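Chain IDs A, B, C and D follow the sequence of writing; residue 1 opens each chain.
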Amino acid sequence: MTQLIRVEDLRVVAGDPGSEVEIVKGVSFALEKGEVLALIGESGSGKTTIALALLGYARRGCRLSGGVVQVGEHDMLALNEKQLQGLRGNRVSYIAQSAAAAFNPAKKLLDQVVEGPLIHGLGTRAELEAKAIGLFRDLALPNPERIGRRYPHQVSGGQLQRVMAAMALISDPLLVVLDEPTTALDVTTQIDVLRAFKRVVRERGATAVYVSHDLAVVAQMADQIVVLNGGQILEQSATAPLLKAPTHEYTRSLLAAARPDTGIRPPCGVAEEGPLLTITGLTAGYGNKNLHGMPAIRVLEDIDLTVRRGQAIGVIGESGSGKSTLARVVAGLLTPALGGLTFDGQPLGGSLSERTPEQFRRIQMVFQNADTALNPMHSVANILSRPLKMYFGLKGAALQARIGELLDLVRLPRDMAERRPNELSGGQKQRVNLARALAAKPDLILCDEVTSALDTVVGAAILELLRDLRQQLGVSYLFISHDISTVRALCDDIVVMYSGHKVHAGRRESFAEAPYHPYTDLLIHSVPELRQGWLETCGATHGELPPIGERANLPELCTFLNRCPVRVDGLCNRTAPKRRTLDNGSEILCHRDGADLLATQRGVTTTSFGAYA
Amino acid sequence: MNSHTLWLICRRFGAGVVTLLIVSMVVFAITAVLPGDAAQQSLGQFATPEQVAALRLKLGLDQPGVLRYLHWLMNLLTGDMGQSVSNAMPVGELMAGRVPNTLMLAGATALVSVPLALILGIGSAMGRGGRIDSCLSFITLAMVAVPEFLVATLAVLIFAVNLGWLSALSYATDITSPLQFLRTYALPVMTLCCVIVAQMARMTRAAVIDQLDSPYVEMARLKGVSPIRIVLRHALPNAIGPIANAIALSLSYLLGGVVIVETIFNYPGIASLMVDAVTNRDMALVQACTMLFCAAYLALVLLADLCAILSNPRLRNQ
Amino acid sequence: MTDHKDTPELISGPDSLRVFEGLNRGMSRRNALQMLGLAGVAAAGAGSLFGSAGKLFAEEATAGGKGKPGGKIRVAGMSSSTADTLDPAKGALSTDYARHYMFYNGLTRFDKHLVPQLELAERIDNVDATLWTITLRKDVTFHNGKGLSAADVVFSLSRHKDPLTGSKVMPLMEQFAEIKATGPNEVQIRLSAPNAELPSILAVSHLLIVPEGTTDFNKGIGTGPFTVGEFKPGVRSVAVRNKNYWKPGLPYLDEIEFIAIADEPSRVNALLSGDVHMINEVNPRSTTRIAASPKHRVVDAPSGNYTDLIIRQDQLPGKSPEFTQAMKLLLDREQVKSAVFRGFAVVGNDHPIAPGSRYFNTDLPQTVYDPEKAKFLLKKAGMESITMPVMASPAATGSVDIAVLLQQSAKQAGLKLDVNRLPSDGYWSNHWMKHPLSFGNINPRPNADVMFSQFFQSKAPWNESGWQNDQFDQLLMLARGETDDAKRAKMYGDMQTLVHDHCGIGVPVFISNIDGVDQRIKGYDSNPLGGFMGYMFAEQVWLDA
Amino acid sequence: MNPLIAKSRPASSALALAKVSGNPSWLGLVGATVCVIWLLVALFGPWLAPHPVGEVISDNIFEGFSLAHPFGTDYLGRDMLSRVLVGARFTVGLSLVAALLASFFGTGCALLSVVSPKWLDEIISRIMDAFISIPSKMLALIMVSAFGSSVTLLICTAVISYIPGSFRVARSMAVNIEALEYVQVARTRGEGKLYVACREILPNMLNPVLTDLGLRFGYIVLLLSGMSFLGLGVQPPDADLGSLVRENIGGLNQGAMAIIIPALAIGTLTIGVNLLIDYLSSRRGRRSGGH
């Protein structure tokens, strides 16, 4: 077969003329028709820049400085802007990372889908609209005839991503470039989108370049994988051999970090019996309060939770499940509408003004985004010294010594103390962030998605640090994450949240084996595995959901009802579920009992974690 | 229009009433310190104390300030804006005579300046950093850097006195032809454009650039959409919010801030009415004018926000 | 706005200025004497006035027929506001006066030499200058068709005595002890004291005649040459020719649109661009522009208007005669005349009587600029290095510039002056006469008696400098009762000397009125009373287009 | 109220403010040079003036260029060079002081309203709305009528007129920063409001606040020149640049230097400041974008 795509010695520079920095340093690869090639790497590896170069496009401040990009008969780097305009969205098309941002919020979807081909004269509006609707159908979008008439914000993220795929494919391009198309999605959504992509790409025989940081996702999609780092290719081979026997050290570290729970285990014997934090009947939300003091938008409903001294509790759930709100309530940033908090036997005030300085000290919070969690105008020493001065009144040499200790504790060199946050890398920032929390010698640290914004390898290191600190200091964690494997790597107990409800809580071990709450089941089996063919065989969300009749007008009904594969007509849609305890000690909020669940979940579960290590 | 938008309007209305109340109190407080009062002012330099005292009694100026304020407020609630003390005409009537003029001038200026500002702003946004951009930004700056009265006087000197093309005065009741309208309004409109175009153009440029940096514009480029179409069909609809805001702020200036233009071109608008009112210590009239400016400002800002909502389907369909 | 001058003008007699005017125009000495004689007769005892005084100037008497009828003109005054009024009693600005003369007539009327001519009065008789009988014309009707009657005159005059009318001439009217109708066309006025100047008092614009019982003056119902077509305070008025005007052939114009342009450069520009046909209050610096235009001309007239430095005598440092004297010496009159007024002024001599006017004391030595002497005087007073604030305002014409020049001269004498420019708004009520050093502006008072009584008598409310001089007060009383003109002149001369030597006002110059007029306007003349032909142009001018 | 709408206006204007920029660096250099020159003139001008500012040195008004009077003479025959040199100090000084104060108070109120309870925020916002809706020239007129014309009053008026604008920009910025996690961290640490406002929020909005300050400086220069039209300004014989233009407007038809020079001075001053700000903010934009 002929090479459809040929990239040779591609170089891209960034910056002002005179002080340009090369960010892509001579990359070459080739791709045959109908193949899918994956560009994989961490942030700053140049993968998106290369992908955009395939369309002859460089972002503001960047310049395609050399090499060859051959797409079919076109040499993309030799064409002028006008000619490129004719090719983009026509012979080469692009699927962006965040569909929510990449769709014009002011225009209807269908108009945006057909805009490109209309400009390129690929058909009349009617023909193109018909074609688009066909693609919508192929991509398993609900209500394909009507969905195009909606605006972007009226469509969920996963559906938007599929609409974008339709937009890319409508012109029957030679090449489709997919730039991290599922990164912004929840895992349970990601799986549907991946399936849709894969089917359409295969059916239409499209040639694609798939950009991702996630090896497991890439494993499902790609024939070829190119591993990038720092603008250079480290390793390039077919998917199967690369997964089995990576040659480059860096590739191996990527593989290892992909699933942290395979390498990291929570320490044993740290947790004590006494409860540190007790949450009872917590209800909280945002917006104006009504007559009964209930907020307009309720985010948390009737949550009970106990964190024991030295224990790490993981809270998982998809976006909108209320897990971050839980942390904010405990931190005192949001006053609960109902329910109470007890900290070490003392009632813990709902708002900041009701808390004692000692309580402030003993509860510390570490935020997800280290970029915004550190004041860019303060030096590291400054950031760390503030809690030391405030809580312990440290001064002078003692202060300096303690700052040094803290930096040691989070494994940062002491000379970093004088730097500003923007001189640090993402991982370093997160360590400083952690050190600031530790400076207070807290009993409880609230960790809100602390590894989510980091590259996998860096994130794994942070997890290891957290585990070691817990062992060393006996501190408790309320660890919030969307990623079940991260939680499993660190926590003793796990709580699963779904739309503000605690649907499943149990010991870490109980999450290894069915039965689970139906949502937990979905969650666990939606996490892509590092093997080819997983996407086709995994059972999650396969098949039609059992039909149910009309819902009772009862606010307490199961919130997972709409997506539940084991729902029961006449029961789930009529009465509120109740908490029940399973044999393995877990507590779930479901109508189904353990035996029921086990029966349905055994049937489709073919793997357990750790099998691919 | 849906319940959410309605709720927004109601809320704004409430906040607006509060703002108006504050404005009236502030104005009342400042004017209370003004030396002399309406009686003194209307009788003039050589008035005798008895005359002043008599007039004061007649006008009710002998009452304490707070009482007068409350009285005024009560009357306002019943829709009575009071009487002008300087010429015994109802304030409403005086205002009614001037408001159409002000609106006419503001309207004419808006008709010229808004498209001009949009063109300038969009033009420089498209050629961001380039020669056209620098040029336009320099021109807009230069336009705003000259005092208003100098622009006006110079323009009159050139176009009215030396060339005789346009009219030096702008108040003409007997406008019969479009040409005459042009002759009459050209100079003040030109002057005001110089003042407000720059600001609007700069904000338009910023708003459009803001959108041009967004992912969906990049997406549009990667779909092969031409730059002009990107700006007009993609960026602009989303930039309407901030642009409308800049326009609203500029237009609110056209109501109260044009006293210099009104003076030079002898144009009887609200601004000069208010200047008169201050000079004559005509409190009811001062209050009414300030209320009007304030209400107009709030209304314009609300209108701009509604524009933003209507141009944004997310807000529109909420 | 900048030149907002809300100074009402109290004109209660023609004598001083008409002569001053006559002399300026080269009137023969004999004529002047003759005129004075006539006035003297009127003042001396019982007599009557029926047009005789005007006969001397018969060729200029108001008569229709020589102008061209028709045409519309637009006129721009210097300031207007929502306080614009068509109530003659409330007239405060030149724009008001000009309008009032369009719509109303007075019992008498000043001619261009400020001689009162009979207008609505057909005949005026008096007994001892105390009991006056006025006979009205019979053929006069108001714009609304009602005939003029004695009741209208009684109403028009009496209302000034009610404080609520807000009349600008209320103090002047206090001498009217009784006003009553003695017949359908006859009004009798009894004065509280003799005053031979009554005919000229009746010519004041505030005493124009309105129909009895008028409450809404915005309709401008009068007997005047024009009717109100439109009147919007602060915007404009349109005067439409009164077809039934009682003076045959008058007025000439069909319509006058009267507006005001406060900004002087804009006013001149409007004239030059042809948007208006006449303007008043032209800045002396703009005269070259108007003169340079072939289509326009400058009309200027010396007047008795002056801007004066007020040195309060009742407080320090004015209490020191040396200081007061030094301040007068520090006024560089020639510089003020040339730099501030570009020559459109006459040097003054620290008293209110303009050179060339009747009773002007020619023997009084002119104060000249002498910083050395001033320095000496200041040193003598022990004030050689004090710092004083001086209040000036655009409200008092040219005062800010005069103050700056004074500041420079004072520096040479070691005196430091801080010029405080105050806004026009509120200047008269809050600053005028209320500081040790301030500026005032006094419009023409054609009669020396009124001038001295209002501004120099010890107990006068507007005794600007708070000057107390018994000798002066006695002289003033004596002069009022003195019927011998020569003796009277001597007394006024002495009073000028007293004011010049001791009073706390410095009069650097008398300022001329300057109008700008389109060449097509004919019949336009100057009048020392003020611009716009003493505000009375409406009836007289025509458009030769 | 929808948070998106509530924030959209100030946020967008703040954003826009930061993006009103992007001129090449040579224009920035020109702006910087002009600003420095005017600053020097303001500092040393009065000492360089060849004549006393109020002295009439010539009988000829509106003279043109001559060696004795490089900028000609004004409407009274005074030396224009001296008057401009002195006038620049007033214009630059007044505008600078007023702009600094307006920014100071505006930013202060913004910080206060961000860390305060909602009701106080609402009250402050309403008051600011009230002041912003009174046209600045009207306010100036009333103020001067009430308190007389003095340098202090001119500054007060300009400050009052421009506090609300500064407040709006600062508040929108502060609201955004307040939502950032490092501020939340400080709050959960139990920090006081003053600390949060001054140490956590303020340093991070200083740059845009300074940009805003520069813009306001330009506006105030123009406001002062506008006020001179209404007869308000510094006391004679001194005059700010706007008053110089105004008092010599009679010389416009003959193209007198007395009017051209101060007009040019105002022009170069405002343009210079704007160019410098544009340049600085574009640099800042690039710097923050680089990370």
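Basically, a contact is a pair of C-beta atoms (placed from the backbone, for glycine too) under 8 Å apart; a residue touches a chain by one contact, two chains touch by 3 or more.
A quick map from chain label to UniProt name: A = ABC transporter ATP-binding protein; B = ABC transporter permease; C = Peptide/nickel transport system substrate-binding protein; D = Peptide/nickel transport system permease protein.
What you are looking at is a predicted structure, and each value in this text was computed from that prediction instead of being measured.
Chain pair with the most C-beta contact pairs: B-D.
Distance from the chain C centre to the chain D centre is 45 Å, each centre being the mean of its Cα atoms.
Chain A and chain C have CA centres that are 89 Å apart. One simple way to say how far apart two chains are is to compare their mean CA positions; for chain A and chain D this gives 47 Å. With each centre defined as the average position of its C-alpha atoms, the distance from chain B to chain D rounds to 21 Å.
In chain C, the residues that reach two or more other chains under the touch definition are 1, 265, 425-426. Annotation for chain B: residues touching 2 or more other chains are 34-35, 153, 157, 161, 263, 275, 278-279, 314. Among the residues of chain D, those touching two or more other chains are numbered 141, 145, 230, 249, 252-253.
The chain pairs satisfying the stated touch condition come to A-B, A-D, B-C, B-D, C-D. Considering their complex, residues 1-2, 4-5, 8-9, 12-13, 15-17, 19-20, 22-24, 27, 122, 126-127, 129-138, 141-143, 145-147, 218, 222, 225-226, 229-230, 242, 245-246, 249, 252-253, 259, 263, 266-271, 274-275, 278 of chain D touch chain B.
Per the touch definition, chain C reaches chain B in the complex via residues 1, 4, 6-8, 10, 76, 81-85, 90, 92, 163-164, 166-168, 170-171, 218, 232-236, 259-263, 265-266, 269-270, 272-276, 425-426, 428-430, 432, 461-462.
Listed in rising order, the residues of chain B touching chain D in the complex are 4, 7-8, 11, 15, 18-20, 22-23, 26-27, 30-31, 33-35, 128-129, 133-134, 137-138, 141-142, 144-150, 153-154, 157, 161, 202-203, 205-207, 209-210, 241-242, 245-246, 252-253, 255-257, 259-260, 263, 271, 274-275, 278-279, 286, 289-290, 293-294, 297-298, 301, 304-305, 308-309, 314-315, 318. Of all residues in chain A, only 61, 331-333, 352, 355, 357, 360-361, 363-365, 367-369, 372-378, 386-387, 390, 422, 436, 440 touch chain D in the complex they form. The touching residues of chain D, when paired with chain C in their complex, are 52, 54-56, 59, 61, 75-77, 141, 144-145, 148-149, 230-233, 235-237, 249-250, 252-253.
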